[in-house]
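Look for subunit A in each of the two complexes below; its partner is subunit B in the first and subunit C in the second.
And then the complex of A and B:
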């Protein structure tokens, strides 16, 4: 790793000498790609002719509950590179797959930082695909943006936290500016942000004929942001948001919360947060207290249908969950064709890479 | 990944070149449709799919492009 940097500095210096001492040193592409340490990533993979000269690492969760995201993203990236002969124009591109999770944590932020440092130090790395989790992107971005060899582009695969790019409801103080120490943007979001999910819930409520809405959140930044965006969007859309409340993820039940909402004459409730914040119990008690005519809607933090159905039973019926991607059947023709190729190559439909399963 | 590879293909192989091309990317006929990145780095697509639990399973109901005037970003 350190040797790779020395080699690059030599190349830059030679260029400066050739151009005259006063000229600006212009970086050049590496001639041979070097791997980042395999203690944090898989070995470098390359299937083309000769040796690769550039490296694009992929960050994704390879352990824990969301490992299907990391595995399928890696499979998708390999398929695309195979289809293109491991080339991008005149460049020969290798990949390395790097884990952003651990056995105990669905997202391991110290590991995200270690990965980002390794990418930033390696001059072969010209862009990073991933990570899957917004918080991992938030850990990686300042390190990649401030890299000594220039900002490294980061193309996130599933990041919905609005504060990675903008201000708005739920965005932590200092974001997004603190993520870009050079002042130059270097992040590219490939899915819709949380404010679009909140707006989609408002559209679902309006379509169902709802007029009075209520938002509950779990006290996490994600949930608070979504609740704030839902309330603001509901107002813009001509609905009447009548309140917001926090649900305690440690509570034994939510009958009193349901009663509080019922007294407000509400037609639709947005559950802004994670299913892991006692979500199945919340759904069960709200449905029991509000009845089947009230719309219950939730963001992608509730995308664990098995846990919901096991925990809430029949009371989970009718709950709407949004995801920031399109199912394969809604993709344009090139997306459908590529999904078929993915299925043929890997034996499963793409679950998590810019599309969701046809369920 | 395709957009990243396209950005690399049109570049001199440097980080700055790849970054410049990603900022200028204007994808037509892409896997998820036509899009580009705005000056903040957000995709111009605002695709959201909604699913509903029916019969104990999550089933797709609709896929929509959220109108930009409903977004709360600043």
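And then the complex of A and C:
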């Protein structure tokens, strides 16, 4: 592996060793790091002595919904680098923050591909932190893995799609092998995969006394994968999955879908997808059509409480949303200490993917 | 209502930091979520105070020493007196306010979802006129990932609004509505330099309208071929001789000479600051950034400088005397997860 070896030191102090085994080859980085020349990246940030010789770009959404993730992940990496004097061993490390969203889209896959090509071409780049979205990781991985001189490591910050690392229910055909053209793994994630999220939802449903479940997805890889994992896990848990359906994110409403689900005698529904796929309306119409006794559950794609309450009003009550990351209060002592540092430095607690259990 | 605090801070060159590479820690000012933050510009330093708003601010406007803010969750128009640093009044609104404008004590508030403009006199807590128009068909709530195209300004005694369609909305003081057709879907508007300036994110263009004739006089392209890596206008401000267009995708400000009506300068900001809004005030142009920084751009040229306020800033409003910012909570939260 040409460049991945330094990634472990740079950002995530533990757990990062899983970034892939294999040979360690010295990078052929220039003496002074070169910035990635693209209009969608910020200038390099470096606060150490002299000039940086290595560059770690961060990919995150910096526009519109979900920009919290991009901003907080960048703040987290900067804080860690600053705490370490902007050094990784003998190397001086800079960060460059790049956008994976656009003014119109919460994730822009062509932009992800172009960014990945720019990272792969730049010999200063030894690893990439991010992206936030699984679909963006899926676009970047083959290009970074096949980089000239060896794979560039990717440390996914919010990627929960199971097929990035292994096969399983809901995983697209060919994944994950197609993502690693060299045959060598060059990726790790810092959050739990979707099978864990789906299993958590099944547990919630079972504890609520549900027997018959239904999954709806928004047609995206993330949603389809989650719906598949939910169905498989529900079956293993002794529940009866009675169907799945796709919800159209462009639709004006979902009363007909609610009626279709109601006719199946369902008592738990899993909303596998993003809140940005007309999620508040979906919640509103399902709650109205199914009543308050049916359990509604959703994955981290629905973690926008303000938007949900604005769009669904009181019908958002009772919706259970899972997260693939631990809240600060559940972190071990070093994680709590670091989170306190983050809050002191940046004025807000690190949410969701900006902190990871340190064990 | 008493102030949350007072403090001073300094502007940093560029979008990033200096010294240790990060912006310096903010002075101890407690900016609650959903707040109005005032900046008094005095040389290179800031003196500021913050006041909580009744709900999440969707837009702010300033006139003289006063701030006007509209908020949702608890729909209201809030007026803050900058001199006494106190809340002057809160007027409940039976609408979902998405934008507002103020001029000579007259306030227009727009509800883009319903296609509604209301006129209020700031001295009286009542609606003086209502103007309705047929809003464009938009997918409800999908727009969470896109900026709200609703914007309003005041010129020639009338309110002018954009709603994402190609037709400007003009409402006269009585509430009578006329539409002004243009060639671009519009999502932001400002009045200044003798004209109205509306921006199109989709077409990366600025439309100049003469408020006296209600006719389009010029169409100014920010880029020839819009795409996701090219500037996409998301907000606009006008000063006496220039128009300042805040661009998404590239985090830049395009300066348009109001006389020649061409782009004369493209000012780079920092993409990682996630710029949200732009306005002119206190002799400069200001950009509010979602990462908690506010950026000052000198009108006469010079490097933009940023200051870190430790809050998510979504709106900015300037007057000759003062600059105000609107702060919100982060969207992504783990309820109760901070302890």
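Just so we're on the same page, the second predicted complex is superposed on the first by the 306 of 359 C-alpha atoms of A that agree within 3 Å, B and C clash if a C-alpha of one lies under 4 Å from a C-alpha of the other, contacts with A are read in each partner's own complex, and residues count from 1 in each chain.
Heads up, the rule we're going with is that a residue touches a chain if its C-beta (ideal position, glycine included) is under 8 Å from a C-beta of that chain, and two chains touch if they have at least 3 such contacts.
Computed from a prediction, not measured in an experiment: that's the story for all the values here.
Q: Mind working out whether A:174 is in touch with subunit B, subunit C, both or neither, as first, second, both or neither?
A: Neither: A:174 stays clear of subunit B and subunit C.
Q: Contact-wise, after the overlay, does A:238 reach subunit B, subunit C, both or neither (first, second, both, neither)?
A: After superposing on A, A:238 lies clear of both subunit B and subunit C.
Q: Quick one: classify A:50 as touching subunit B (first), subunit C (second), both or neither.
A: In the superposed model, A:50 contacts neither subunit B nor subunit C.
Q: Looking at the overlay, does A:345 come into contact with subunit B only (first), subunit C only (second), both, or neither?
A: Only subunit C is touched by A:345; subunit B is not.
Q: If you stack the two complexes on chain A, which partner ends up touching A:183: first (subunit B), second (subunit C), both, or neither?
A: neither
Q: Pick one for A:155: touches subunit B only (first), subunit C only (second), both, or neither.
A: first
Q: Any idea whether subunit B or subunit C touches more of subunit A?
A: Looking at subunit A, the partner in contact with more of its residues is B.
Q: Applying the document's definition of touch, where does A:42 land relative to subunit B and subunit C: first, second, both, or neither?
A: second
Q: A:198 contacts which: subunit B (first), subunit C (second), both, neither?
A: First partner only, subunit B.
Q: I'd like to know which partner A:68 touches here: subunit B for first, subunit C for second, both or neither.
A: second
Q: On subunit A, which stretch or stretches are contacted by subunit B in one complex as well as by subunit C in the other?
A: Shared contact residues on subunit A: 81, 303, 305, 323, 327, 329-330.
Q: Of all residues in subunit A, which touch subunit C in the complex?
A: Touching subunit C: residues 38-43, 45-48, 62-72, 74-75, 78-79, 81-82, 86, 97-99, 101-106, 108, 110-111, 114, 249-250, 252, 275-281, 303-307, 310-311, 323, 327-330, 343-349, 351-352 of subunit A.
Q: Give every residue of subunit A touching subunit B within the complex, in rising order.
A: 27-30, 53-54, 56, 76-77, 80-81, 84, 87-91, 93, 125-127, 129, 147, 149-153, 155, 162, 164-169, 176, 184-193, 195-200, 202-204, 228-229, 232-233, 236-237, 303, 305, 308-309, 316-327, 329-332, 334-335, 338, 354-356, 358-359
Q: Touching subunit A in the complex: which residues of subunit B?
A: So the residues of subunit B in touch with subunit A come to 1-19, 22-23, 29-33, 37, 39-43, 45-61, 63-64, 66-67, 69-74.
Q: Once bound in the complex, which stretches of subunit C touch subunit A?
A: Interface residues on subunit C, with respect to subunit A: 14-17, 19-22, 25-26, 31, 56, 72-73, 139-142, 144-147, 201-202, 228-230, 232, 234, 248-251, 270-274, 290-292, 310-312, 329-339.
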